[in-house]
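In what follows, a single structure is set out as structure tokens and then discussed.
Labels A, B, C and D are assigned to the chains in the order they are written; within every chain, residues are numbered from 1.
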Amino acid sequence: MLSYEMTHRVAYYETDVMGYVHHSNYVRYFEIARTEMMRAAGFTYAELEASGVMMPIIEVHSRYYQPAKYDDLLTFRATVKELQGVRLTIEYEVLNEIGTLLCSGSTTLAFIDAATRRPCRAPEDFVSRILGVVTPTITISKTTFMQ
Amino acid sequence: MLSYEMTHRVAYYETDVMGYVHHSNYVRYFEIARTEMMRAAGFTYAELEASGVMMPIIEVHSRYYQPAKYDDLLTFRATVKELQGVRLTIEYEVLNEIGTLLCSGSTTLAFIDAATRRPCRAPEDFVSRILGVVTPTITISKTTFMQ
Amino acid sequence: MLSYEMTHRVAYYETDVMGYVHHSNYVRYFEIARTEMMRAAGFTYAELEASGVMMPIIEVHSRYYQPAKYDDLLTFRATVKELQGVRLTIEYEVLNEIGTLLCSGSTTLAFIDAATRRPCRAPEDFVSRILGVVTPTITISKTTFMQ
Amino acid sequence: MLSYEMTHRVAYYETDVMGYVHHSNYVRYFEIARTEMMRAAGFTYAELEASGVMMPIIEVHSRYYQPAKYDDLLTFRATVKELQGVRLTIEYEVLNEIGTLLCSGSTTLAFIDAATRRPCRAPEDFVSRILGVVTPTITISKTTFMQ
């Protein structure tokens, strides 16, 4: 399955008065990670939408183990878990600079037709790339966003 | 001119590690205040967009005097300042529970045609209400959002 | 168990290009709902933190059924599910104006000592109120935020 | 004066139903740009706070010319404008991939003592670096965040 890793520098506006990254932002981190995984696999989410297919979220799960702090350089890991019918499940891990696992989670997305907003099949080329048939079991590493 | 006042309870996710409301959120507060002012005047922004007119922001200015903290009950004041051609300027004040002025600001918005995305005239009924011709120089007070 | 219901008007900045409320905002809605549930029960989260106890999130789960749109008047329902040791689980539902269930979810929070950042017992008065011993099985309804 | 340039990929959660980046996010972009400018100059904002000095925002101004869309690769430019007493003014430009200026703006920040929350002098080393005395009139270019 497709796997991807990238880094992200915690912004000030992502923190809260507790002194840590607000937990809602990890859900946004998951989105950034899967978006970049798709780009790395050669089929951006923007292209998918342009082709008339959207992927709304139908389920999110996240567990928090340790907090992230302002200016921490986080690592996001995304891995495609399964494609079942019109549903795609992706798993995530967020680690800090010394490799401590801060958060793990998963999201399930559905393929829908942008015009009708009804479930639809994913484009075949997209599926091949996401399932790693075109680029089998690759791990792409990229250091990004203010390293 | 139309004027409006409402309250807002500071959410945890609006704060940052400094212990205060992050300054970017005041720009969002301005948006909430003008949206509710329009609703109170009898012409919601949602109706405006449904009629084919959008109001993108073309200028924001804000000054910060004192910080707001988590769970503070803020007062937002919005006042229509002027309508010049396709541009509408609105002014804002944000105060805390003891009446201290925390932030003041202004936004200028343009009327554009949603289809062409070109500047356009504002609907007459909307203008009458915003300029207070239909409901002249009213001040509507409303206590809202978790008082 | 304690239960609570409130309303929230969807802000423009909570939407995304898909035309709906971005899924990450529901996690923030859960936070608003439990904060207001605590306030209604007579023990605010701000008071809890002032007493030296914090409640970081350790788990979030949410399922999305139907999208919310700009300016929708949403209903948030929060219900205390269980208090097990230092962990408190709360369940949520988000509905639109015609009563359609848009999202359901749960959060688990831990009680920690603000100074040591180690798990700690919840204050007894807080527990009594949250578990509905002081105010047994109440349902408090409150219409808020720009109704 | 110190100047800095970086890139940023627009995230889905930064867009709104109008189809563009929500205007409040540019204020957050300004923050990212000045933070990275400081890092490039050799004195991070995190180090400044650790040394007991905070820099709250006291003024923001921004003008919007053209919208940014989902997945656009934006360029952020930050330039130190002036340091007057305890106030530091920084100017910004945000451009899209074909060089169109989308937004320009400025922020004024104050140096305050983190303990007393009163205005204070900026650390000398910080000032030298920010004013470009240590590293005179440099322009650092860095491509970041999911290029």
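The rule is simple: contacts are C-beta pairs under 8 Å (C-beta built on N, C-alpha and C of every residue); 3 or more make two chains touch, one makes a residue touch a chain.
A quick note: this is a predicted structure, and the numbers were derived from the prediction, not measured.
Using the average of C-alpha coordinates as each chain's centre, A ends up farthest from chain B.
A count of C-beta contacts for the chain pairs C-D and A-C puts A-C on top. The distance from the centre of chain A to the centre of chain D, each centre being the mean of the chain's C-alpha atoms, comes to 27 Å.
Averaging Cα coordinates per chain places chain C and chain D 34 Å apart.
Averaged Cα coordinates give chain A a centre that lies 25 Å from the centre of chain C.
Across the assembly, chain A contributes residues 12-13, 18, 20, 24, 28, 31, 70 that each touch 2 or more other chains. Across the interface of their complex, chain B is touched by residues 6, 8, 11-13, 28, 31-32, 35-36, 39, 44-46, 49, 70-71, 142, 144-147 of chain C. Considering their complex, residues 12-13, 15-20, 22, 24, 69-70 of chain B touch chain A. Chain C makes touch with chain A in their complex at residues 18, 20, 23-25, 27-28, 31, 54, 56-65, 67.
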